[in-house]
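In the two complexes below, subunit A is the common chain; its partner is subunit B in one and subunit C in the other.
After this line comes the complex of A and B, so read on.
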């Protein structure tokens, strides 16, 4: 298990991570979400031994990254979508071979693993082409293969599908899910919240380096206070219909095109449409939008930490 | 040593693809021009005459031989530092430093791989440069094979130690050109490549002692120029400073790498 306790990281006078406690168990994909500058990448780079925390403790499989960085590095790998992390003038196969040497993977293991990884990321045919001739997506896929070359126990994924075509991103999600099923511990940050909802059994939300909330995606939505939104489109928004809707709930909003909107707890769709019909309104459409993880993240980020705690 | 071998192979592949011939020719021209200018100066300005003062301080009246050894050694040093010292900042520029640092490989074999490639490549350049010197009438000599090997080894160690320290400076500062050019200029003046260090004021001579190349060049001069043989005292100083620089550089490298990673935030 990866565990941080009261993790804090300062860059000069800026505090990037405040008192962060999180755990990344084996066999699960754990999400780490937040807006830009929230401290996600800093946290991941501390866990990857690239940065050292200012205070607090980090444990990776019982190892201390500060005292035992090399032992930790054998058990982890990092894939950062925003960085290339592979050598442009080497081929895909040569890159994986070289990184295999840096991880001291025995030759008899490395050769078939390189072939498997190239196949996994769809680069088998381009294996002997130099990376400088790869598209951005191909280079990113190779970077993902590099992150798996040491068969790590823990995989740290920082925006891994950034810039990837949809089919490749989908394949990568399958790979990540399969890795967790095989017992690997995965920590994932992503701006694609659908990806997080699909993959992560547990999600931490941070803002300005502080822990804001945690739970399953559904629990986070519930914690955020976001509610489903009912949108009722009427053929003609008469003053009587509008008055009836506002009388039903003062929070009702009238959107352009004669759409009556109401967000709130519980199931209000039936009662609202009945009220509109009784006021002489004719319906032309009804939409019930459940709150998304994105709504929850934005709402959590807007709330003061004290309220969330 | 697996990492050293892999890094040597990587350097060979990358260099062959990046600079098929241009790098080799470009770097060789520096030595050729240095030799050529010295030759023209000796013929056209000095009228083939070398002062007794120079001969006394250099330990030889063979000015072209003196310059040939200095130019060859300077090329060896500069190219060695360019390869080894710039290895990490090159990773930083290529966007591969994170992938390198997150791997468990130690930095010593990684840098030794670069050093093996650098010294192999430089050996070829040295051979061509010495061939050019032969055309100008220079007849290189050494006081013995063992002396020659030890003198070159001392220079190689000095280059390695200095490169490790410079590597840290470059990744922390995030730049290479100012650092390397400052060091190259300082070495050219202080380390005895093109004129005897005895011509320098005493303060500058002592300043030169801070550069590990300086003591190694004294050893080189004794073996290849003055004919006085291996100077055990200077060899000891060169080895001590070379190892000291290498050890200090390797010990502080994790800190430098973290600072380099922090700079990107």
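After this line comes the complex of A and C, so read on.
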């Protein structure tokens, strides 16, 4: 497992990561969420040995990246979004072969692995085409295969689906889920919260380098204080219906076009609709929206850490 | 060792794709060095008619020996300048993000920079080197003590050049002023290392500057062995100086890599561009 204790990273006077305690176990996908500049990439680069923390400790499967960087590098890999991370003049296969040499993957193992990885990311047919002729998505898929070339125990994913089209991003999510099932420890940052919700068993939320909250996506939603929203659409918004709805709860919002909206804890849908019907309103539609992780993240970022803790 | 050999193969492929990525490569590999050689030859040939030249620079009195002198200079320059070019290309890896990937891997950093230079060197110079050897054989201008001196000549070019390439790579990885170094090492290196004029013709300050360039020492050995028929014993001093300079270059490369990587891990500058 990867573990950080009181992790802190300063760039000059800027503190990018404050006192972060993080655990990334094997066999599941752990999420790291936060708005732009929250410190996600910085944290990932520290785990990847590309940055060195200012203070605090890091352990990667029992190894210390500061004292045993090479041993750590063999066991991890990092995949970042964007198509830049491969050599344009080499073919897809050559790129993977090249990185296989840097990682000292034995030739016997490397050859079938390269073929397998090209297949996995759907580049088998383009394997012998130079990367400069690849589309952006193809180059990025190659970069994902590159991140698996050393068969790492821990995979650090920094917005891996950035700029991928929907079907490809879905395939990548399947690959990531399968890797975790096979026992790898995955740390994922992403701005696509649906992706995080779907993949991550445990999520950390950071803001300005500080720990804001953690838990399963459902727990985070609960912790964030976001509630489900009930929307009742009425055929005609009479003054009587409006008055009854406002009397039901002061927090009711009435949108033009006759939609009565209420967010709150507990199950208010039934009571609200009966109130409207009793006031003579005719229902056109009823919608109950559960709060999403996105609502939770926004809410969590709106308040200081102390309130959440 | 095995891992190092694999890194050499990997870098050789990468450099092959880079160098031979365009068909115009024969220009830089052969036509360009030949043109500059012709230019220096026809510029300097009138010297032969200068009264008293035989005392001041005996070689210039004989056009064939002058051509051989300039050809060895061009050969040495091709070796060393191909490494300036490959180091310059190395800095592009910062933009493409692959530089960070090299540092993400467990590969030994010194091996990577040496392998990178070696790969570029071998693929850039073989054509002109073959041409030069053919020319020397054809015109029969070489005066060598024994055949083994060809190996000495080859090593005296290769080893310092690779050490020089490793140092340039190490410095440029962590610096953003690559273009400046490129300019600094082009024409001035021609001049200060005695590529087309003997160093004794240069002013003292320039000779001093040239003495820290390994190309200068390489050319002394190459010319001593090929043009003056000097043996290993006679060149011992020059060879030892060249070996020491190569070792210093390599050690400086190691230090630059250590300091540079430590600094990059502190400031995150590998990822910035």
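Operating definition for what follows: the second predicted complex is superposed on the first by the 307 of 309 C-alpha atoms of A that agree within 3 Å, B and C clash if a C-alpha of one lies under 4 Å from a C-alpha of the other, contacts with A are read in each partner's own complex, and residues count from 1 in each chain.
The rule is simple: a contact is a pair of C-beta atoms (placed from the backbone, for glycine too) under 8 Å apart; a residue touches a chain by one contact, two chains touch by 3 or more.
Quick caveat: nothing in here was measured; it's all calculated off a predicted structure.
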Fit-or-clash call for subunit B and subunit C when the two complexes are aligned on subunit A: clash
First, second, both or neither for A:104, with subunit B first and subunit C second: both
Subunit B versus subunit C as contact partner of A:73, first or second or both or neither: both
First (subunit B), second (subunit C), both or neither touched by A:86: both
Partner chain in contact with A:245 - subunit B first, subunit C second, else both or neither: neither
Which of subunit B and subunit C A:11 touches, first, second, both or neither: both
Touching partner for A:49 - first (subunit B), second (subunit C), both, neither: both
Contact residues of subunit A, present in both the subunit B and the subunit C interface: 11, 42, 45, 48-52, 70-71, 73-74, 77-78, 80, 84-90, 94, 97-99, 101-104, 146
Complex contacts: residues of subunit B adjacent to subunit A: 2-3, 5-7, 9-10, 13-14, 17-18, 94-96, 98-106, 110, 254, 258, 261-262, 265
Subunit A residues touching subunit C - in the complex, by the definition given at the top: 11, 42, 45, 48-52, 70-71, 73-74, 77-78, 80, 82, 84-90, 94, 97-99, 101-104, 146
Complex contact set, residues of subunit A against subunit B: 11, 16, 41-42, 45, 48-52, 69-71, 73-74, 76-78, 80, 83-90, 94, 97-99, 101-104, 130, 143, 146, 150
Footprint of subunit A on subunit C - complex, ascending: 2-3, 6-7, 9-10, 13-14, 17-18, 21, 95-98, 100-107, 112, 262, 264-268, 270-271
